[in-house]
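Lettered A, B, C, D and E in written order, each chain numbered from 1.
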Amino acid sequence: MNLKKVLPLKHIVLSLLSSALLLSVVGLLMQVKTDMFKNVGTIYLNLNMQTAAANAVTSVVTFFRGIDTVGEVTVLFLATSGVALMLSATQRTCDKVVKQESFILNAGSRLLLSVIILFGVYIIIHGHLSPGGGFQGGVVIATAFLLLFLANPNMKLSHGILTLGESLSGATYVLVVIIGLFKMNILLGNFLPHPIGEIGELISGGIIPVVYILVGIKVGSEMSVIVEYFVKEDYYKEVCDA
Amino acid sequence: MIFQIILLIMLAYVVGFIYFGLYRNITARIQGRYGPTVYQSFYDSIKLFSKNNTVSYGWMFYLGPVIMATGAVLTLVLVPVFSDSDFLRSVTSQGNLFVLLYLMVLGPLGNALAVGTGGNPFGVMGVVRGLTRLIGLELPFYIAVVGLIIAANSSDIVHIIDVQKTAGLNIINHPLLFIGAMISMVGFFGASPFDIPGAPQEVYSGPRTEFSGKFLALLMSQGSLFAFAKLVLIVDLFLGGADSLVMLVLKTFTIFVAIIFIGIVYGRYKVEQAVDFLMKLPTLIAVLGLARIVWFG
Amino acid sequence: MSLGYYFLLPVLFSFLTPYFKKLGSFTLRGSSILLSLVLFLQTVAYVGVKLPQISQFSIKPPLGIAFILDGYSLLFLLIFTFSALVVSFYMYWFFEENSGRDEARFYVFFNMLIAGSIGMILSCDIFNLYIFFEITGICSYTLSAFNKDKLGLESGIKYLIIGSIASIFIVFAIMLIYLQIGTVNLGLIAQRFHLIDPKISVLIVLMLFIGFGAKAELFPMNFWAPDIYQGSISSVNGLFSSVVAKAYLFVFFHLFYLFNLGSKYMLFVMVIGAITFLVSEFTALNQTNVKRLFAYSTLGQLGILFMALSTNSSQTVSGALFHLTSHSISKLLIFLALGILIHKFKSAKIDILGNFKSGFLTIVLAIGFLSILGIPPFSGFVGKILILKGFALSQNYTAIAFILLVSIVEAIYFFRLTAMMLDKKRAKVTVKVGSVNYIILTLLAVLIILFGVYPSLLTHYTDLATNALLHPTNYLNYALGVGL
Amino acid sequence: MLDFFNNTQTIHMIIIIGSMALFFIGFYGIATQKNLVKVLVSFDIMESALFLFFIGLHYQVGLVAPIVDKNLKTFTSMVDPVPQAMILTTIVIGLAVLALGLSFGIEYYKLTGRNDISKMNELRD
Amino acid sequence: MNSIFLLLNLLPILFLYQFGGALHVSLPLTSEFTLSLIQTPLGTFFAYLSLISFLLVTIAQKSKKLACNYYVLQFLLSMAMLAIVLAGDFITFFIGWEIMTWSSYFLISKSNSIDIKSLQKYILFSLASAFSLIAGIVIAYSFAHSFDFSVISNSFKDMPFNIKVALIVLFSLSFFTKAGVIGLHYWVVDTYSKAPNLFSSILSAVMSKMGIYGLFLVYGNIVGYQELKMMFGTILNGTDFGYVLAWIGVATSIIATFKAITQDEVKRLLAYSSIAQLGYIIAVIGFGTTYGVAGAMYHTLIHTIIKLLLFINVAAIVAQTGKNRFSQLGGLIYRTPVSFVMLLIGIIGLAGMPPLGGFASKFMMYNAAIDTKFALILIGMLFSGAASFLYCYKLVYGIYLGHPTSKNLETTKEVPISYLIPQIILALLLVLAGTFPGAFIKIINPILVEFSLSTIPYSGLGVMNSAVGSFNGFFIMSAFVVFFVLILLLITRIKSKAKNNLNRFDISYCGEVPTQDTSLHFGFGFGTDLYRIKFVNAILKRSSSSFYESLATQTKKTSELFSRMYYGNIHNTMIIILLFFSTLFFIGVN
């Protein structure tokens, strides 16, 4: 009898340690007083009338902490590049075509595609008005392509268009940031007229919806690329192994 | 001065050879032989000077004995012979005890070079033995000399002699040093148990193997000069020097006889035994004497 | 001229890279060099300008995020942009020799690595800093896996795992900070940090320590570091050693002094630094792979820097910053020169690399080695003596003895390498150095000597940096938006 | 009974306990699991726990989402939008790292057929 | 190339001469460091010593085809040494010291016989020396707040006692390593013997003297002999400190002498001899008396001359024959007679025999020991001196005397003139130093004033005065020459038929007739029988190498132990990080 298997000492010790840590951290956090200082968020809420975006989270994401979002988009872009770097080379070498799985599945998914994309676009465009925004919408768009891939393994995305969308939206986003410097003497300044209409209307909030649309395009194309690579990875593995 | 030097050399030459003859004679008598006459060595040297030289190995072989003789002569003139006279005082004052200590080695070095040039294995063997012996042999003597220098606070021999006039003879004041120095002296005179370099029974003549004719004569002559100089030095250091020729001969002869008697009694050490021995008892004795001077003087 | 360009221009470049790629590899390489050159020139233009400089995003701090350039970050900015410039020239040669690599993506990650590192040192908002931390991280993971062979991927995975742990701790810390202080602006955090519950503050500091310490390769958390160096290409090693590690170190001490932690923490960091130094230098002795060897050497030097920077004495800190600069240059030189050799021999084993024959490479490598060892008249000496002098002034003889003793261990392997280079008995293979590399390496070597014989060139900036680090009043004012 | 749960203190307590429990499950996971995918999942669990923790602690009874609409014309008595914005960013970053990690893992698995992180030891002297 | 660097080497000499003791430059390096050069009598002495040595060695290098970088490094080395001896503050000193270290390292590495182990030994000991030096420097700085010699010297009295001791120990360790005190000499022999042959002369003659200069600087200038006396108290007529140092020096001298005797490689013998001779200097350097300083100084000069002479001589022979062992050489006397005479003069000087300079310096040192009543020290020195005759003879015999051991030795030609010129100059210097020892008193007196010691009375060029006796070098030399000539004349007057050009096989050889194949070069390996003497055996069988080897092994083991941690298991690394976090958490929070 293997004693090590019966008594996985490492696991026991680590679980005990985790529990001990859990208890003490919880004990510590219970004492936390959260209202010592006024949160910066409340100030943002007060300022939010000026930005004229109905969704305060959106104005924080795209405007008050807008550079975070630039970074975030960059992170996603880098991850996509990384995934592409890792997975693209092997996929090119294995270029077989497999049999169509099912016509109904294919047709149904195509039917659903437009609906899902439309929904994604709606989420993106209404990012400054309702919950949602560029990221969320982008991911929704990517799920449409996921569906497509699941239905039709031979499906291929046009990388040219995706890259174009991705690059242009990204570059425009950066340009928007820089234009702020020239127009408002502050980077990412809200140089577009705002509030143009009532808060809660579609065209309001200056650059905020513009930024979110750009983000949406970028995230949508990037996530689609990621999805394609991962889905196809699995698929090609099976094909190549066979 | 030149006259005095010549006189001194002649004196040393004669006395040295006579002592050497006496040495052979006394040894023989103790060993129950008759031995040669006292003047035999003297005659030998004269004879050798006039004999043909059969062998030469180039100029270094030629110069070696000359260097050795030069060292001996230089040593001789730098040792004050008479304590209260101005005899060669202007010469001896140019050197000191340390000069003498090192001059005593210069001569053998010259010889060793000549021997090396000759390339005879036995000669080299003798040289090597002699040099190895030196490690131990000089030690008690050095200690004694250092002790005396520190006691007198001077390395000037004349000063050491002068000190003995007031403070008493060093042999009485520092007997341990004297014993140490005497043991070394036995070796310096090539007497048993330290007669390792020559070692007549084993290597048939040690360093002198290849020498003959005038070179051998020169080596013999310088040997007697050197022996005389060493005796005078011991007399100067321990017996307060000699103020007249008679005293000089008396004192040197006493020392000489003492050395002979020590030498005859013992058999020869091997070289490492000799060094080992010399580093133990004589050194210890001398160091004790020295410690007395340094810490309690 | 705005600080934001340090981040925005590389981002713009990266987004547009697919189109540069289509215009041909020359354009791609050229544009990357141009980008590095522009950023470097911009940094040079900041030299002599009244500091600190600020560049705001969207809204005035403390509400908004801003990039603030003070003396401390200027020094690092100079190092980073200079390293980037040098490496981008070097990569021109590299891709000439190794065609068929995914050049465009490399330049994306390379430029974003620099941009992320610069972002970390410029940002005055800790959450923003975290994002740059992640950008740098992702670029480092991918760059270490860039070879896409077993070793590369292994190092990428390892780096990614460590990076994830670090980022989780940092996120946790940031969340606790926001919960307690209500903001993530560094100025306000610094102002209010001592007011919060000491137990929570310990937890926050601890988590930041683990997060940044693990990335800055401190002792019990640096077992992964040599693997990363071994798995990646040597110009990337140079960047890791002279840019990335330094950026994490920057943040570590920036926060350390902004939060104004007590002497207990200082002693702790000093001890940890000392252990890092000791263990790394001893471990380096046993290496046969040259990349691992210099990875350990980097760890060791970081150990010294941690020891010296945690003293809160301006003398020592100034010396440490000098040493840091000189170490960055030297390590860049060494890794780039080794890159040429590794390319030639297709191996990183010391025994094989020792067979090269090139007077030029021998000289520049020797200069690099001597500089790192702190031997005059090279720049490392000035750094080391300044550090020792600082310790001497605070009468910390233990640290002096420790540094000197371990330095001897360091000397063992450095001079083993030197002796191997000089060994005439080896079967020698002549290595030719291309003109671009010739210029780059000569430039680096000249800089090492220049800073060694005329340290005033650099001490001015290290003194500025020290002042800014230890007395961050101006920085805090800007971060709080006072007087903007 | 419902009143008891409709209390900010109580909600915070539950969230702390729950999220931290989740966090340390992830902690235990990364400490014990050797499969790369499981490790990455553990990281995600830890991150999720943090999101929960952060968002949860900024909820207070009576506050609503920070969005104005026809009924609510001013930005008052709303929850803090900053944590939500931060979490949004962190989620995306987590996603990016996860994707990258998985792609590394896939590629590594293709080359070696292994996904046990404790057996990744080709990088050694 | 050679001529250019010859001129370059000449320049600083002229430069120094031009300034004539008034050189004072300071160059701000940073706001904190200033490089300053000050010409003191002590520094000037060492500066000329090193510069002239370099000049002579460069002359000797004429016949070797050396690359430009060799000369550049050598020139750099000479400049570094100049910086050391003219330094007015510790930073300049240290920079010079380190440049000296690495430039010599690269020069040594240019040798064909060097191996990595020896190079490692050299550089690690040098760096240990440098690091010990820098430790001392910064500790001094922590009290004086300046690197300037004079400031540190002034504030030295106010330092706590343990700091004073620490400073003295650190500085001494550093300089002892350079000078090769026993125990710290592990690198010396390998380095000297494996370095390029001509460069060995620089190593032994000049570089080791930088250690001596450092000791003078620290004991004489920085600490001050008066302060040393006050710090440690007195024993007999000298200081406790001097006594301890003297024993270190004497032990070095004796042990190295015996080690030298047993060597077979020529340069190893010279290396050990160098250690032994520096042992004398170290023995008297701490006395703090006029004659101690003078003796050390004089022996520094003489040893430089002798070792340059001997190493150049040996280098020439090695270059000419390609052999570097006594067992492979021999019988060269009539092939290379000039070299032989030069070596002969060298070893007479080395053995310290009267007509030459070697005696004068030894006399000075012995007198210093008598002055302080350190009798056992003196005996130790005398003993080691006596033993040194063995290796002196071995040196001359093994190379030039006896029989040639191989065919090509019988056809060897005289060494090139460029080797001989420096040797002749040095031999002349040695003869002059022995003939006019009084001239040295003139050189030494300003240095004694610098150390605030009483000066030595000067009474003529030929006379060497001391507290306990004097001798007239001029007289002894002339007497020697006169007697030599007279006896030579006498012996040549005696006509005898001497067969010159005798075949070397015509020797008495136990009745055998030796032939070409008979091995006749006996005695080159003497000294090996010294193992049979208990005392000497005790010295010879011990070696510092076992200590350092075990140190190296321990280091390697530690390294392996630490390497195991970097095994590369990321899973364990994660666990360690988490455990580290937990530990710190529990410690920090509770």
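In the analysis below, contacts are C-beta pairs under 8 Å (C-beta built on N, C-alpha and C of every residue); 3 or more make two chains touch, one makes a residue touch a chain.
Quick caveat: nothing in here was measured; it's all calculated off a predicted structure.
Enquirer: Walk from subunit C over to subunit D along touching chains and report the minimum step count.
Expert: 1
Enquirer: By the touch rule set out at the top, what is the minimum number of steps from subunit B to subunit C?
Expert: The least step count works out to 2.
Enquirer: Determine, using the mean of C-alpha atoms as each chain's centre, which chain is farthest from subunit E.
Expert: Ranked by distance of C-alpha centres from subunit E, the top chain is A.
Enquirer: Would you identify the chain whose Cα-based centre sits farthest away from the centre of subunit B?
Expert: Most distant chain from subunit B: A.
Enquirer: Sort out for me whether A-D or A-E is joined by the greater number of C-beta contact pairs.
Expert: A-D
Enquirer: Centre to centre, by mean C-alpha position, how many angstrom separate subunit D and subunit E?
Expert: Their C-alpha centroids are separated by 71 Å.
Enquirer: Between subunit A and subunit C, tell me the centre distance in angstrom, where each centre is the average of that chain's C-alpha atoms.
Expert: Centres of subunit A and subunit C (C-alpha means) sit 30 Å apart.
Enquirer: Could you put a whole-Å number on the gap between the CA centroids of subunit B and subunit D?
Expert: Using C-alpha averages as centres, the distance is 102 Å.
Enquirer: Averaging only over C-alpha atoms, locate the centres of subunit C and subunit E and give their separation in whole Å.
Expert: Spacing between the chain centres: roughly 45 Å.
Enquirer: In subunit D, which residues are in touch with two or more of the other chains?
Expert: Correct list: 27, 30-31, 57, 82-83, 86, 89, 93, 96-97, 100, 104, 107, 117, 120, 123-125.
Enquirer: Can you tell me which residues of subunit C touch two or more of the remaining chains?
Expert: Each of 127, 131, 134, 138, 141-142, 145, 148, 157-158, 161, 165, 178-179, 184, 199, 203, 226-227, 286-287 in subunit C touches at least two other chains.
Enquirer: Among the residues of subunit B, pick out those that touch two or more other chains and give their numbers.
Expert: none
Enquirer: Mind giving me all the chain pairs that touch?
Expert: Contact pairs between chains: A-C, A-D, A-E, B-E, C-D, C-E, D-E.
Enquirer: In the complex formed with subunit C, which residues of subunit E make contact?
Expert: Against subunit C, the touching part of subunit E is residues 28-33, 69, 91, 94-95, 98-99, 101-102, 105-106, 109-110, 112, 115-116, 119-120, 123-124, 127-128, 130-132, 134-135, 138-139, 141-142, 145, 555-556, 558-560, 562-563, 565-570, 572-574, 576-578, 580-581, 584-585, 588-589.
Enquirer: Per the contact definition, I'd like the list of subunit E residues that touch subunit B in the complex.
Expert: 236, 331, 333-334, 340, 344, 348, 351-355, 359, 362-363, 366-367, 370, 373, 375-376, 378-379, 382-383, 386-387, 389-390, 392-393, 396-397, 400-403, 468-472, 475-476, 479-480, 483-484, 487-488, 491, 494, 496-502, 504, 506-509, 520, 522-523, 526, 529-530, 532-536
Enquirer: In the complex formed with subunit E, which residues of subunit D make contact?
Expert: So the residues of subunit D touching subunit E come out as 27, 30-31, 34, 117-118, 120-121, 123-125.
Enquirer: Name, in rising order, each residue of subunit A that touches subunit C in their complex.
Expert: The touching residues are 25, 28, 31-34, 36-41, 43-44, 47, 63-68, 70-72, 74-75, 77-79, 81-82, 84-86, 89, 163, 166-167, 170-171, 174-175, 177-178, 180-181, 186-190.
Enquirer: Tell me, which parts of subunit C touch subunit A in their complex?
Expert: Contact set of subunit C toward subunit A: 2, 4, 7-8, 11-12, 14-16, 18-19, 55-59, 62-65, 102, 105, 108-109, 112, 119, 125, 127-128, 131-132, 134-135, 138-139, 141-142, 145-146, 148, 176, 178-185, 192, 195-197, 199-200, 203.
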